[in-house]
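Two complexes follow with subunit A in common, the first pairing it with subunit B and the second with subunit C.
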Partner chain A sequence: MTLHVDAPLFATRRRALQLAGVAALAAVLAPRMSLATEAQVAEEMKKLFGSKAMDEGKVKLDVPEIAENGLVVPINIDVDSPMTDADFVKSVHVFADGNPLPQVVTYHFTPESGKASASTRMRLAQTQNVIAVAEMSSGALFSTRAQVKVTIGGCGG
Partner chain B sequence: MISRRDFLSAGTALAGLLAASGTGLAQAIGGQLTQNDLLKFGRIGTFTILHITDIHAQLNPLYFREPSINLGVGDARGVPPHLTDIAFLNYFNIKPGTRDAYALTSEDFTALARSYGRMGGADRIATLIKAIRAERGADKVLLLDGGDGLQGSWSSLQTKGEDMVRVFAALGLDAMVGHWEFTYGAERVMAIKEKAPFAFLAQNIRSVEWQEPVFDAVKTFEKGGAKIAVIGQAFPRTPISNPRWMIPDWEFGIREEEMQKQVDAARAGGADVVVLLSHNGFDVDRKMASRVKGIDVILTAHTHDALPAATEVGRTLLIATGSHGKFLSRLDLDVQDKKVTGYRFQLIPVFSDVIAPDPEMAKLVADIRAPYAKDLAREVGRAESLLYRRGNFNGTFDDMICDALLKERDAEIALSPGFRWGGTLLPGDPITFETISNATAITYPACYRNTMTGKQLKDILEDVADNIFHPDPYFQGGGDMVRVGGVGYAIDVSKGVGQRISDLTFLKTGKPLEADKTYTVAGWASVAQNVEGPPIWEVVERYVAGAKTVKITPNASVKVTGA
Partner chain C sequence: MAIKSAPRVRVPAQAKAGEIIEIKTLISHEMESGQRKDAAGKTVPRDIINTFEASFNGKPFFKAEWFPSISANPFQSFFYKARESGEFTFSWKDDAGAEQKSTAKLTVA
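And then the complex of A and B:
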């Protein structure tokens, strides 16, 4: 369960799903603007993390290979951590490299969170990468990425 | 042309070879192929699995030509089921011109079809299943359907699949999964699930709002003393390939991790054998078999592949039973100390001419068809050339549909969906309303007519191509390439998304299709809601009635490279 979120406060999983897509609201409401690029995502990350190295692993990002509805694509994040005072996940940042605003949501955790997991839904306008970066209490960074395909559909037989 | 007698003896010779290798089709021993030859089987197992799939509601025997182009990409390149014709025959050690070659490939199809006749038919399948149950005892036989059974004919469309529910109930089906079934809408599928005397399984469907399972994931059976867990997998891309608005509250997906959990739970619950009744499609199943541990058998479906031997991936067996009722798969498993220790497999071709129709099923089929008999029999025109659908690119039946769209909807370009189902007509065969509906009977049949720019058209072709030729099967959407009338193009299947299609040509002028220019496009089977236009079967019937005879020369406007 997540305690602190920059976007809405998700008290429960059900509540979280009711609020699904809120995190991506900015993208929905924004006037048509140019889409982000991988370079912009790199720039955003640099602002947040400086030039600190990122490792792979620890972060599990669960997204569909192909979006069934690009307006509300479900994402689940789980970070492997004991979540003790000495060793916990401070935050998880989610980026999408093909959306107008590449930084989608940031979740903050404390040891009291119990586990570092979160779920939401986001809008994806086109096929793109979703990137999750976990910042540990030690300052270490772990990231993972997954491509989500957004297609016109049809013709299946 | 090969005579019927030669044909049968050729089959006999082949049978010896396959018997020696321990796998293969049902074997004919002696001169004339008989029903008993089709039923001959090696050593029996602890229990028997019978698998039917993708029947597409075909109650009567029909012709169905297997693809001549069925390209695999990535790891699937050049391996079964992505082999056709001579390559397929060589791989499985089958002689050209034999009955097995006829059943499994498009090689010399017209001549062999005339020699060997139609395949399938619910009454023939019933005869085979009854005979195997009589041989083994009903308590040792599990009968499973891999989906796409309840859709694809006029009677299934009119009854929303009820015709096939009655047939499956009469066959004594134990469980099924779904894909096209969902195009009858959520409410209808739930009604079938509640009422049918067999299980409707799907581990991979969740309610959108609560992420709760909509269907039972698994059902456990006891056969021959073995405990068998059957896990169901619906077509993962149903809401993308077919109208999502018909099932708005359900989310699908492959859900590989949940699959592993189901397998582990089944084992923990004491299952001796874990069977995945899947509508993933063969390549997705092959990948899943390499990643999910502990599945003994995957009964594949969706991609309509018919393979005369089981495919082994690690300790998992993949079975591919074909489509349209052409085949019945029999798999006998030996179970010792709660483990599968051996198997025998036979892909039994349902040659309708040598199997006695089961009288009860024949009566049920006649009853089901009676209300529509007059419409079904209505002769609209005649085929002057082979009309078939299946293949990665254009089939001649689809070319006829595209011609109908261009003419009857007064369009410059026609788009027709890459469905894999629908029967084949031989030169000289009547084109009846039934044969038209067998290729068009869907719940979203409206023929739209609108305009698109050349760029929009290219984007559509690129998107659909990526659904078929993405090198990772988990990113594929299923189906064959969208059929196009009025436009030619080149495709390099080895390229990435957005890079495969080139040389788009507007066939009317022979000039390149212009990105910014607007063209009039007619098509059908749009997944959008509230599409307007006449149903496709009306458009095709009008066209065929006007043309009287239909002759289609194989489409040369699609150039394929990179295979």
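And then the complex of A and C:
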């Protein structure tokens, strides 16, 4: 008889504890960081380039499709340009739309670079888009984006 | 944390005139993002290398502005079109104002 009464009570108490546990975990995790959004990236680009039109192409962004460790994600950018005094890549801006800060790196090239190409390693907090925008010496803008799936986020903790 | 150890730079010693050479650099630095919290729950202040610059015979030709999204112990590779013999200077500057420099010689045949 007591078993009959106790059993469901026990079950609900366990359930309640589980729920409390989940709530506590969520409370711990939630305020950890606020992540950038696509809108923030767009805002950042507007600050840099105004409302100038952007074309696709010319920029090659090489990032892994799946990054197992978000702390170290290799990135290579390569812009198609003759790199002469008359026609070269001035700068390349790289953004990540799911990191606490949208900017990743800005490169400044000169005709002496010979090739508008550079590699580094970045942190990605979660699965997100990486966006590269190249500014030519003529002022023309070219952009490209790629999604990186991140298995373990790289954002402290 | 300030810059603590000598950076590593890989540059070919020789090149032909007009040849585009690749330069690879690596430096030890925590690149503290300013997003992390310590055990007491206090935010660890940001301290990153924010600028890397490469010059040849005193003339800058490549610059990278790094943000906190760049990984610890930042690696950077880039290119240079060899024209004449001379010396590269590489410089890393961090938020604390510390600067680390490295040089490498290039002979153009």
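Keep this in mind: the second predicted complex is superposed on the first by the 118 of 157 C-alpha atoms of A that agree within 3 Å, B and C clash if a C-alpha of one lies under 4 Å from a C-alpha of the other, contacts with A are read in each partner's own complex, and residues count from 1 in each chain.
The rule is simple: a contact is a pair of C-beta atoms (placed from the backbone, for glycine too) under 8 Å apart; a residue touches a chain by one contact, two chains touch by 3 or more.
In this text, all values refer to a predicted model and were calculated from it rather than measured experimentally.
**Student:** Mind working out whether A:T106 is in touch with subunit B, subunit C, both or neither, as first, second, both or neither?
**Tutor:** It touches subunit C, and subunit B stays clear.
**Student:** In the superposed arrangement, which partner chain does A:A118 touch: subunit B (first), subunit C (second), both, or neither?
**Tutor:** Touch partner of A:A118: subunit C, not subunit B.
**Student:** Going by the contact rule set out at the top, does A:F88 touch subunit B (first), subunit C (second), both, or neither?
**Tutor:** Once the two structures are laid over each other on A, A:F88 reaches no partner at all.
**Student:** After superposition on the shared chain, which partner residues are touched by A:K149: those of subunit B (first), subunit C (second), both, or neither?
**Tutor:** first
**Student:** In the superposed arrangement, does subunit B or subunit C reach more residues of subunit A?
**Tutor:** Of subunit B and subunit C, the partner in contact with more residues of subunit A is C.
**Student:** With both complexes superposed on chain A, which partner does A:E65 reach: first (subunit B), second (subunit C), both or neither?
**Tutor:** In the superposition, A:E65 contacts subunit B only.
**Student:** Where on subunit A do subunit B and subunit C both make contact?
**Tutor:** Shared contact residues on subunit A (touching subunit B in one complex, subunit C in the other): 154-157.
**Student:** Quick one: in the complex, what on subunit C touches subunit A?
**Tutor:** Touching subunit A from subunit C are residues 20-21, 33, 35-37, 44, 56, 59-72, 74-81, 83.
**Student:** How about subunit A: which of its residues touch subunit B in the complex?
**Tutor:** On the subunit A side, the touching residues are 14, 17-18, 62, 64-66, 68-69, 74, 127, 147, 149, 151-157.
**Student:** Could you pull out which subunit B residues touch subunit A in their complex?
**Tutor:** For this pair, the touching residues of subunit B are 209-211, 235, 237-242, 244, 251-254, 257, 417-421, 459-460, 463-464, 466-467, 470, 472, 474-475, 477-480, 482, 497, 525-527.
**Student:** List the residues on subunit A that touch subunit C in their complex, please.
**Tutor:** Per the touch definition, subunit A meets subunit C at residues 32-33, 71-73, 83, 96, 99-101, 103-115, 117-124, 154-157.
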